[in-house]
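Structure in structure tokens, see below.
For reference, chains read A, B, C, D and E in written order, and residue numbers begin at 1 within each chain.
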Amino acid sequence: MIRIDVTSKHYGESQVLGPIAFEIAKGETVAVLGPSGIGKSTLLRIVAGIDTRFEGTVQRPARMAIVFQEPTLLPWRSVIQNLTLVHPDLSRDAAREMLAKVGIGDKADLFPGQLSLGQQRRLALARAFAGNPDFLIMDEPFVSLDAATAQTMLDLTKTLIRDVGPATLFVTHARNEAEALSARILELRGTPATLGPHLISAKEKP
Amino acid sequence: MSGRGSIPAASLFGLLILWTVAATLTADPQVLPQPWALAGPFLRELQSGDLLYHLGATLLRVIWAFALAMAIGCALGLVMGRFEKVDRWLDPWLVVFLNLPALVLIVLCYLWIGLNETAAIIAVTLNKVPNVTTVIREGARAFDPNLDAMARVYRMSAWTRLRHVLIPQLAPFITAAARGGLAVIWKIVLVVEFLGRSSGIGFQIHLYFQLFDVAMVLVYALSFIAVMLAVEWTFLQPWERRVRRWRVA
Amino acid sequence: QDMPTVRAAVLQIGTVNWELATITENGLDEKHGFDLEVQPFADNGATRVAVEGDEADIAVADWIWVARQRAAGKDYVFIPYSRAVGGVVVPEDSDAQSLQDLAGGKIGIAGGPLDKSWLILRAYASREYGLDLAGETEQVFGAPPLIFKSGLGGETDGAINYWHFLAKMKAAGMRELISVETAGTALGLNPDTPLLGYFMKESFIEANPGIAQAFYDASQDAKGLLREDDAAWEAIRPRMNASDDAQFEQLKADFIAGMPVRGPVDLGGAERFLELMAELGGEDLVGQATTVPDGLFADVQ
Amino acid sequence: MSGRGSIPAASLFGLLILWTVAATLTADPQVLPQPWALAGPFLRELQSGDLLYHLGATLLRVIWAFALAMAIGCALGLVMGRFEKVDRWLDPWLVVFLNLPALVLIVLCYLWIGLNETAAIIAVTLNKVPNVTTVIREGARAFDPNLDAMARVYRMSAWTRLRHVLIPQLAPFITAAARGGLAVIWKIVLVVEFLGRSSGIGFQIHLYFQLFDVAMVLVYALSFIAVMLAVEWTFLQPWERRVRRWRVA
Amino acid sequence: MIRIDVTSKHYGESQVLGPIAFEIAKGETVAVLGPSGIGKSTLLRIVAGIDTRFEGTVQRPARMAIVFQEPTLLPWRSVIQNLTLVHPDLSRDAAREMLAKVGIGDKADLFPGQLSLGQQRRLALARAFAGNPDFLIMDEPFVSLDAATAQTMLDLTKTLIRDVGPATLFVTHARNEAEALSARILELRGTPATLGPHLISAKEKP
């Protein structure tokens, strides 16, 4: 069970986040929507425990996986090492298989800098999926991909959620992605940002 | 490989020509002998075993001091660069030790520990550690916070983080410290040897300098330089090429 | 005025300064028709670089060194200054009675393996006791102050140092085991051969005829003053860095004892000395100067 | 600001205590005097004007050599780091000059140029340039190619690129080189002064070392260190804070 | 007039681009489509003159502006300096106005690292628009933005094209963006990538 209770978050003088509280149950998927610059990434960093300079409390499990808004790979290690170093338990074969799933199976021995940006993003996704996390955090995971590839990634995410059952929190601008993952939708609004009025979540719709 | 080797060779040859011209202009073999005038003394010292003996003594000191100074300096620099608090406390010490004249440290070491090998190596190490620390600290301050966050969230082990996240970022700073470091260490070893050792290149150089025998001074100085060139080409540069591969790919 | 200027490059703390200061302070330079200008340096090597680079006209060195340079083609000329040489001192409570007793021990030596005192003592030990001093002892070569300190601290069993450090060591209670003078005499060397001296370039003498003699005269006058007049010592006492009266007296006595007699250098004695040095130090020490080069010693009376 | 100043003060005070303990353990004022025993000699040297005279002489040399070495070293390092071809040619020279003993360069400079200020400064500069070059070269090799491409497409002028694209990336390397550089320069200035100048801290330190007057050696050494601490705190660190602002924001 | 005639482009052994030739007239807009990793960015870098290691020729004007797939800002200079340093002729007022247009007028004195990724991308757009270029190159310029902001950016681009009339070449995964800018569409396909069969361009449609 993940419990988020942020009272406020300031950068210097300016307050970015107001009171934001919600919970995510095991196996549940939550999507955060909101315009650019509202504070979605800030919220995710707080939830992930990267940013600790805020008022409030966050309860989270230990086994987490994150997909940042930018790929954030180790440019000096090969593509496959970017999986195996982060997940020491992952065998090389499993790593290769994971790379193949995201469509960069033939790039295992290149450096990340030799991938296209879309391929780097998929590697970051592979890294997040490979660990069978209890809590999956993703910041706009499917942008910069063509429609077909984005669909593949979305399907992969669905499979992971079905098989491993992590709590999932992700940011997106595309409402259809949230719906595809049957996510509860939280919308950030205003300055400082707070959760908008409860929207009909994808789950409740049918 | 042959292409790679030929430019350095040509470049060294150019240096040799420059030297010849300078020596010809100086026209005083006692001030600057011609390069080939060193062949005789060099062979003599080589055959008598003196050259190898003193070179060996110096190299041993350099290796010890280098290993110690790099290890301590990197650790200190890493800690000071990452933890602002520690840095605040240790920074004034760093500046003091950085600027403490080699002579003072060397003499104090000799007086405390005695005129022996341990004192010599400790003196050199103490002289060099602050230099390594300052360079590495700058590197540690420039770490990418995003990679840090990634490593934290994925709970990478301390060792993996050091080896695969931090050290690769430090690599240019480590090479800079190592390369400059070897040079500075060897300059200090010279002083150490001349102040209180009975062997080593520094000891010989000062001896022959007292005798105003520039040829022998150069023979000893260049022998060490030759070793350093070999180290550059067989260790440092291949290592550098390896860790830089990802940049050029 | 057209008095020639003599620029002397000396160690700031060198004992030669005592003599040079006596010369300038008593106007002995003007008396002999030149103007002495002293340039202090921090290292012997620096004074030699100064003369070689024509930034100074004279500096101080031992004549073996000057001979070596002359044999190598430099036009250096030597003017005697002092025959003060060192000796071996041992701690007060040491059991050592002769060089023999230092076998197996550790000797601190200032000035390196080619130090003349060290070479003479080695020759003496081998002649007298059949002892290979270099082989039977451990040598620690180091800067004079470090040899001084580790000698006093008892870290070494014996110490060979420059004479003014020896004077201080003796003043601190250390005992002279044997002086180099004694050893040299036993080896058949002429103890009156002055080892240390000024050197200048022949070209400088040619440009200033009579300058060598004039300088020598001034030096001799200063020595005379110092030999006879305590007031002259008081005048230079601040330069001597004697921390107490005992040191002062020891320095004074040793300085006077080291004054060579006036007159030209005994060539025969010099030749024997050089031979011995060549034998002991080899080419490392004497270079190509296997015999005393012509014109090495300035023609001074 | 007062909070910022208090830690260095406390830290220096800690160093002082360490020194006192060491001096008490040594129990020999000739080897290591107590800190307060330096007050007398310090005031004496200050009043006689000697201290300021020699300090001034050394500082002048350090400033000149520093400015020259940084300028030449940065330029060389930048060019060698950016242009592989030039690097191939100059690299062996760099290694040779990096490892040429200070003594050799200094003596040659004195013999060629004369025992004067110019020779002293050139000798120090030549000794230091290779150090700066190696550090800056590593920095230049680590440039971000994307920013380069951006600057090229937008046709930024050479000067703007240097000032706003390249130098900020070099900043940690420049601070490392400057800080380590000052220290190394001052160590070499000491040798230069002791080999052929009649003024300066190095001259005095060697003098008093010959006299075994450790107190005076420390008085002179620490005076210079005090100046360096002042430089650290009034120039280097504020500058560093300024150029690092974007990282911490 | 911009003339692109690439014969081939290799990375090491593997050929990424095959023969690709097309022209862009002044005032014309061309969109490049294709799946992730096909070689779109590679092509754009060749066209911009950043990558010169290819077979073929490119004719391009001198005044260019580029929006990379990642923001590529000077992190050590303030937001406004990121405009004024690149465009020395741009007055501070004009720069502020430009920032306001892309919706980050209040961030002028922050560092780029203090912006959200979407804001950084908009700054990169502002930088490209500010120079009134003859040739505008953009690599997925509107991703990572919410629908409303993306629309604003699209409108800004339209205005620029109308007022300044540059030749425009841009990569996108969203066919509707290409249509909104009335772009001629080029589709990259295959390995090595070549131009797909001629598609009905947005212009020709009506």
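Throughout what follows, a residue touches a chain if its C-beta (ideal position, glycine included) is under 8 Å from a C-beta of that chain, and two chains touch if they have at least 3 such contacts.
Molecules present, by chain and UniProt name: A, E = ABC transporter ATP-binding protein; B, D = ABC transporter permease.
Predicted model only: the values in this text are computed from it and were never measured.
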Farthest-lying chain, centroid of Cα atoms versus that of chain A: C
Longest centre-to-centre distance from chain E, chain (CA-based): C
Whole-Å gap between the CA centroids of chain A and chain C: 83
Chain D and chain E: spacing of chain centres that average the CA atoms, whole Å: 47
Multi-partner residues of chain A (each touching 2 or more other chains): 70, 114
Multi-partner residues of chain D (each touching 2 or more other chains): 31, 107, 111, 202, 206, 209, 247
Shared interface positions of chain C, touching two or more other chains: 45, 52, 143, 145, 149
Every chain pair in contact, whichever chains are involved: A-B, A-E, B-C, B-D, C-D, D-E
In the complex, chain D residues that touch chain B: 7-8, 10-12, 15, 26, 31-32, 88-93, 95-96, 98-104, 107-108, 111-112, 130-131, 134-135, 137-139, 141-142, 172-173, 175-176, 179-180, 182-184, 186-188, 190-191, 202, 205-206, 209, 214, 217-218, 221, 224-225, 228-229, 232, 244, 247
Complex interface listing, chain D residues touching chain E: 146-147, 149-150, 152-157, 160, 164-165, 168, 171, 243, 245-247, 249
Chain B-touching residues of chain A, taken from the complex the two chains share: 45, 48-50, 62-66, 68, 70, 72, 74-77, 81, 85-88, 110-111, 113-114, 127, 131, 137
Chain C to chain D touching residues, read off their complex: 11-13, 39-43, 45-46, 49-50, 52-56, 143-145, 148-149, 241
Of chain A, residues touching chain E in the complex: 11, 33-37, 39-41, 69-70, 103-104, 114-119, 122, 140, 143-149, 173
